[in-house]
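The structures considered in this document are given below.
Heads up, the next two complexes both have subunit A, just with different partners, subunit B and then subunit C.
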Partner chain A sequence: MQAVQILINALVLGCLYACIAIGFSLVWGVLNVINLIHGSFIVLGAYLAFGLYHALLLSPWYAVVIAAPLFFVFGYLLQRLLLNRVITAPVLVTLTLTFGLDLILNNAMIYFFTADYRKLILSPPLGSVSLFHVVVPVDRLIATVSALALTGLLYLLLRRSRIGRAIVAVRLDRDAAVLMGVDVKQVYAIAFGLGAALAGCAGVLMALIFPISPLTSSAYLGKAFVVCVLGGLGSVSGALAGGVLLALVEGIGATFVGPSLATTLSFVLLIVFLIARPQGLVGRKGFE
Partner chain B sequence: MSRANLALIVLIGLIATLPLFGGAYALRLGTMACMYAIFALSWNVVGGFAGYPSFATAAFFGFGAYASGVLLGAGLPLWLAVIVSGVAALIAAGALGAALLRLRGHYFAIASLSLVEVLRELVNNATDLTGGGMGLNIPLAAGSGIMADALFFFYAMWILMLATALTVMWVAGSKLGFGLACIRQNETAASMVGLNTTLYKSLAFALSACFVASAGGIYAAWVHYIDPSDVFDILYSVKPIVMTLIGGLGSPLGALCGALVYLGLEEVVWRNYIQIHTGVLGLLIVMLLLFLPHGLVSLRLARLFGKAKHV
Partner chain C sequence: MNRTFFARCTRLLPVLAMSLAAAAPLSRAAAEDVIRFGAPLPITGPLAPEAVKQQQGYNLWAEEANKAGGISVGGKKYKVEIVYVDYQSSTPRAVQATEQMITQDNVNFLFGAFGSGAAKAASTVSEKYKVPTLAATASSVQVYDQGYKYLFGTFTPNDTLTMPLTKIIQVKVPEVKKVAILARNDLFPLAIAQEMEKSAKAAGLEVVYFEKYAIGTIDHSAALSAIKSLSPQWIFITGYINDLLLARKQMVDQEIKAPVVTMIAGPAYQEFIDGGGQSAENITSASWWHPAEHYEGEDIFGSTANFVKLFKAKYGSEPDYGQASAALCGALFQMAIEKAGTLDRDKVRDELAKLDVVTFFGPVRFGPTGQINSLDPPVFQIQGGKPIVHVPRCHQAGRAEGGGELVKRLFRGART
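Entry: the complex of A and B
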C-alpha cells in the first residue's frame, strides 16, 4: 500500500512540477533564454492568490483567470522593453540580465510583503479523500487538475492556433520562420508573456498547498531547472515526464533516505542527466 | 610585460600600502577587496578567457571555507589548511571539469549552478563533520588584538590575491591562455587543429577553483563562523561575473578594477539602503548589461588605444 501511496503522491506532485516548469521550458526553448525571474513570478502569483482571497474571498481557482492576463502583459512588456535588447547576446549576458531582474523583483517583494512565511488557509478546509487506504488531500487534487488543465490549454494553443504554430516554427528554425513572414520579435514577446502567465498561474495554484514567501522562489526555480533537464527541453510531454520523474525520485528518496537528502538527490540526478542524456527523457523536440 | 599587466601589478602594490592610511574598518574593506579581486580574477580564467559561463564560484568558495574550517578544527595551522583546501579544490574541479565542461552554453551554466546546490545540501546533511545548518565555529587563529588580527588577515588575503594575479597573467601569456582564447572563439575549430580542448578547459576550471577555495579558507578563519547558506550563497557566483563585466570581460586589469568599483558601490548601498541592497545590485546589473556591455576598460581603451584586446 505504501508503494501505491508513493506513486499517487508522485503523480499529483509531478503534475504540479510540470506546471511550474512548463513556462520556463517554453521561454528557454523558444527564446533560448534561461529565465531566472521564473521563480519570483511564481511567488508573485502566490501572493496575488493570497491577496485576492483575503480581500475579496476569491478562491484560488478563480484567481487563475485574473492572474493569467496580468502576468501575460507583465511578461510581454518585460520582453519587449528589456530582454529584447540583448536577445542575440551570449548566454552569459541574457542569464545575468534575468538574474538582475530577479534580484529587483525579489527584493521588491521582500520590501513590500516582508520575508515572513504566509499560508493561504481556506475556510472551511477541504479535507481529503481516501480510497483503499490511499489518501489524497482535496486541495492538492484541485491544484493538480487545474495544473493539468493549464498544461492541456497550452498544448492546444500551440497546436491549434495561428500564433501557436508561429511559436513552434520559431522554436524549430528561427531563420526559416523569418523567411515565412513570422514576426519573430512579436513571437518572442508573446512566448515570454505566455511563460510569465503560466508561472503566475502556477503560483496561484501553489498558494493552495505551500507556504508563501519571497525566499521560496529559488526552490521553485531549482525545480523548473531539474524538470526541464530531466524531461527534455521545450515540449509539453517532456515537462510532464520530467515532473513526474522528479516527484517520484523525491518521493522515493524521502521515504528511504530522508527528506533532507531528497533535494540533493534531485540535483545529482540533474547533473547525471546533463552529462549522460542532455536531451532528456522525451528528447529535444519542438512543441510538436 | 604589457602595459595592462604593469598597471595591474602597480595597482596591487598600491593596495598593499593601505595599512599606512586606514584603521580596522579600512582593513576590513581592504580584505574584502582582495577577496573579491581573487573571485573576479579567477572567474575571468574560465568565463573570460575560455568563454564558459561558470556559476560555480560559490561552490568552490564554500568548499574551501568548509575544508579549511574542518582542518583548522582538527588543529592544522592556517597556512597549511589554506594550501590543502586550494590543492583539493584544484584536483576536484579538474576532475569535475572533465565531466561538466563537455556541456556548452546554457547546460553548462545550469550544471555549474546546481553544483552549488548539491554542495550546500551535502554540507547541510553532513552534520557530524560540518555542524550542518548550525554552522561551524572556527578556533581563533591569530588572536593577538583587533588591529594585529585585521592586519594579519589583510596581508594573508593580499598575498593570495598577488598569487592569483601572477598566475592569471602567466596563463594569459602562455600557450594555455592562447588555447583558451581559441576555445572561446570557435571550439570546434580549435579541436580540429589538434587542441586538447577538454584538458585545456579542465585546467581553466581547476585554476578558477583553487584560489577561490583558498580565499574561502582565509575567510573562514577571518570570520570564525561559517554556515552553509552564508558561504554557499549563489550571490558569490554572480558577483564575480558582475565585477568582470564592470571591468571588461577577459582582461585581468579589468577584473581587478571591476572588483574595486563593485566593492565601493556595494559598501555605499549597504551603508545607506540596507533594505533594498539586492534590488540595487539587480538594477546595477541590468543597467550595466544594457548600456555598458563591454565594461569600463573598453570605454577607456576604445578612446585611448583603439580597440580593446579581449572583446
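Entry: the complex of A and C
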C-alpha cells in the first residue's frame, strides 16, 4: 500500500510541477528567453491569493480568475516595453535582463511583504480524501485538476485560435512568420503575457500548498527549469510529462536512497537528458 | 566641449551633495567618543530574515545603551555604534567581512557571524587579530573546541535541548518507544537531530527512522509515507520555518498521527504558530530562551519582562531567542567593558571570561571553551496558539503560578 501511496503522491506532485513549469516552458520555447522572473511571478501570485483571502475572504479558485488577466497585462507590458528591445540580442542579454528584473521584483516583495513565511489557511480546511488507505489532500487534488485544465486550455489556445497558431508559427520559424505577415513583437508580448498569467495562476494554487515567502522563488524556478529540460521546451504536454517524471524520480529516490539524495538524483537525470536527449521527452529535435 | 563638461559637472553636483550629506553623520560620529562594534550579517541571500532578526536585537541594545548616555569607560561615556557588513549568506564572505571590519572599519569588538558554520569560519580571523567576539547564534560544540581565547557564545550545546526534552517525554508520555527523526541537511538542524538520536538511544528509545532531506526540498511526502509505515510514537523533525510548516502540513494531509510531534527550530517563532494555525497545536519544541521566562537581571534591560516590553514597543512583535541573544551579546559587552574600565581588548576579554551574572536572558557564565554553560534552555509546547513553557529550574520565578497544572497538561493530548 505504501508503494501505491508513493506513486499517487508522485503523480499529484508531478502535476504541481507541471503547473509551475508550463508558463516558463512557453516563454522559453517561443521567445527563446530563459525567464528568470518566473519564480517571482509565482510567489507574487501566491501573495495575491493570500491577500485576497485575508482581505475579502475570496477563495483561491476565484483568485485564479483575477490573477490570470492581471498577470497577463503585467507580462505583456514587460515584454512590450522592455524585453522586446533586446529580444534579438544573444540569449545572455535577455537572461541578464530577466535576472535584473527578478532582483527588482523579488526585493520589492521582500520590502513590502517582508521575507517572513506566511501560510494560506482555509477555514474550514479542505482536508484529505482517503480510498483503500491511500490518502490524497484535497488542495493538491484541486491544484492537480487545475494544472490539467490550464494545460488543456493552453493546448486548445495554441492549436485552435488564430493567435495560438501565430505563436506556434513564430516558434517554428520566426522569419517565415514575419514573411506571412505575423506581427512578431505582438506575438512575443502575448506569449510572455500568457507565460506570466500561467505563473500567476500557479502561484495562486501553490498558496494553498506551500508556505509563501519571496525566498521560495528560486525553488520554483529551479523546478521549472528541470521540468522543461526533461519534458521538452515549448511543448504543452512536455511540461506535464517532465513534471511527472521529475516527481516520480524524486519520490522513488527519496524512498529507496533517502530524501537527501532525491534532489541530486533529479539533477543527475537532468544531465543525462541534456547529453542523451536534449529535446526532452516529447520535444522536437531542433527546439532544444 | 566646455559646455558639455560644464553640463556633466552640473549633473554631478546633486550626487556630490548627497554624498557629502551621507558622510556628515559619519564625521560627526567620528568626532564623538564612540565604541564601534562590528556585526557581519547575511543581510541578503537566503539567510536574510535571520539577519534582520539579529539586527533588531543589536539595534535595540545600542539604542538603550545610547539612551542611557552610552557605555561608561573609566568615568567617561562612550556612544555605541554598530557597523554592519553584508556577507550575502556566503560563509567565505563572512570571513572577508570580519577581516574588513577589523582592518578597515577599525571596530573595537565583534559580534559573531550568523549560525555555527559562519561563526566558526569567521572566528579564525577575530582570533588572529585578538578581537573579543560574542557569537549570538552558534550552538555547536565544534565552534568552541578550537582552543580560541577571544570567542564566546550565548547558546548552550545542542544536547542541552534534546536531553531535557527526552527526559520529560519519557515521564509524561511513557508509551513512547519508537522515534522517527527527519532532519534538514544543514549544520544546525542536522546537529540537533544527531543529538536527538543520541539522547533517544541513551534513554532506551528505538530510533526507527533517521533521514536527512536536502536544503530547498519542497515536498516531504515520500519521507513522511515511510515514517507513517513505521508507526513511531514520537516524530522529531528539524529545519527552519519554511521546512517545518511544509512538513507539518503534509503530515496533516497524509493523516500521520503520533502521540508526540517535536519540531526544532520553527515553533519558537510566531510566524510558525500563525502559519501552522490549528496544525501547530500540541507541537513540542525547545529553544535557548523564551519571552515567557522571568528573570531579574543586572544588565541594561533589567528583566525579561522589560526586554520584551521594549522590544514590542520598538518592533511591534514578540522577540524570539535569536533576537534576544543578539541583544544579550550587546548587553554582555557593555558589562564587560564597564567592569574592565578600558577599551583594551585583552582586558575586556578577561572580563567576559570572568562574567558570572544573571541577565534578562538567564544566568550567564562562560565555560573554559567560551561557550555558555549556565543556562537551562526551556522546553515548550504550543497550546491554544501560544507556547506553554516548561521551565526546568524552580528558582526561575514567575512560572510558579499554575506551573504544576501546565506541566500536567504539557505533552498530554499531543495526538495530532
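Just so we're on the same page, the second predicted complex is superposed on the first by the 284 of 288 C-alpha atoms of A that agree within 3 Å, B and C clash if a C-alpha of one lies under 4 Å from a C-alpha of the other, contacts with A are read in each partner's own complex, and residues count from 1 in each chain.
Here is the rule we use: a contact is a pair of C-beta atoms (placed from the backbone, for glycine too) under 8 Å apart; a residue touches a chain by one contact, two chains touch by 3 or more.
Remember, predicted model here, so these are calculated numbers, not experimental data.
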Superposition on subunit A - do subunit B and subunit C clash or fit: clash
Touch check for A:P69: first (subunit B), second (subunit C), both, or neither? neither
Let me test your reading of the model: by the given contact rule, A:E250 touches which partner, first (subunit B), second (subunit C), both or neither? second
In the superposed arrangement, does A:T263 touch subunit B (first), subunit C (second), both or neither? both
For A:R118, select first, second, both or neither according to whether it touches subunit B, subunit C, the two together, or no partner. second
Touch test for A:G152: subunit B only (first), subunit C only (second), both, or neither? neither
Figure out whether A:L13 sits in contact with subunit B (first) or subunit C (second), or with both, or with neither. second
Mind working out whether A:G222 is in touch with subunit B, subunit C, both or neither, as first, second, both or neither? both
Among the options 56-64, 182-190 or 218-226, identify the stretch of subunit B whose C-alpha atoms clash with subunit C after superposing on A. 218-226
Residues of subunit A that sit at the subunit B interface in one complex and at the subunit C interface in the other, please. 218, 222, 260-261, 263-264
Subunit A residues touching subunit B - in the complex, by the definition given at the top: 28, 32, 34, 82, 85-86, 89-93, 95-97, 99-108, 111, 218, 222, 225-226, 229, 260-261, 263-264, 267-268, 270-271, 274-275, 278
Using the touch definition from the top, list the residues of subunit C that touch subunit A in their complex. 46, 48-49, 52, 182, 185, 211-214, 216-223, 225-226, 228-229, 241-242, 245-246, 249-250, 252-255, 271, 274-278
For subunit B, which residues count as touching subunit A in their complex? 47, 51, 53, 99-100, 102-103, 105-107, 109-111, 113-115, 117-118, 121-122, 124-125, 234, 238, 241-242, 245, 275-279, 281-286, 289-290, 293
In the complex of these two chains, what residues of subunit A are touching subunit C? 2, 5-6, 9-10, 13, 110, 114-119, 121, 125, 128, 130, 135, 137, 139-140, 209-211, 213, 215-216, 218-219, 222-223, 247, 250-255, 258-264
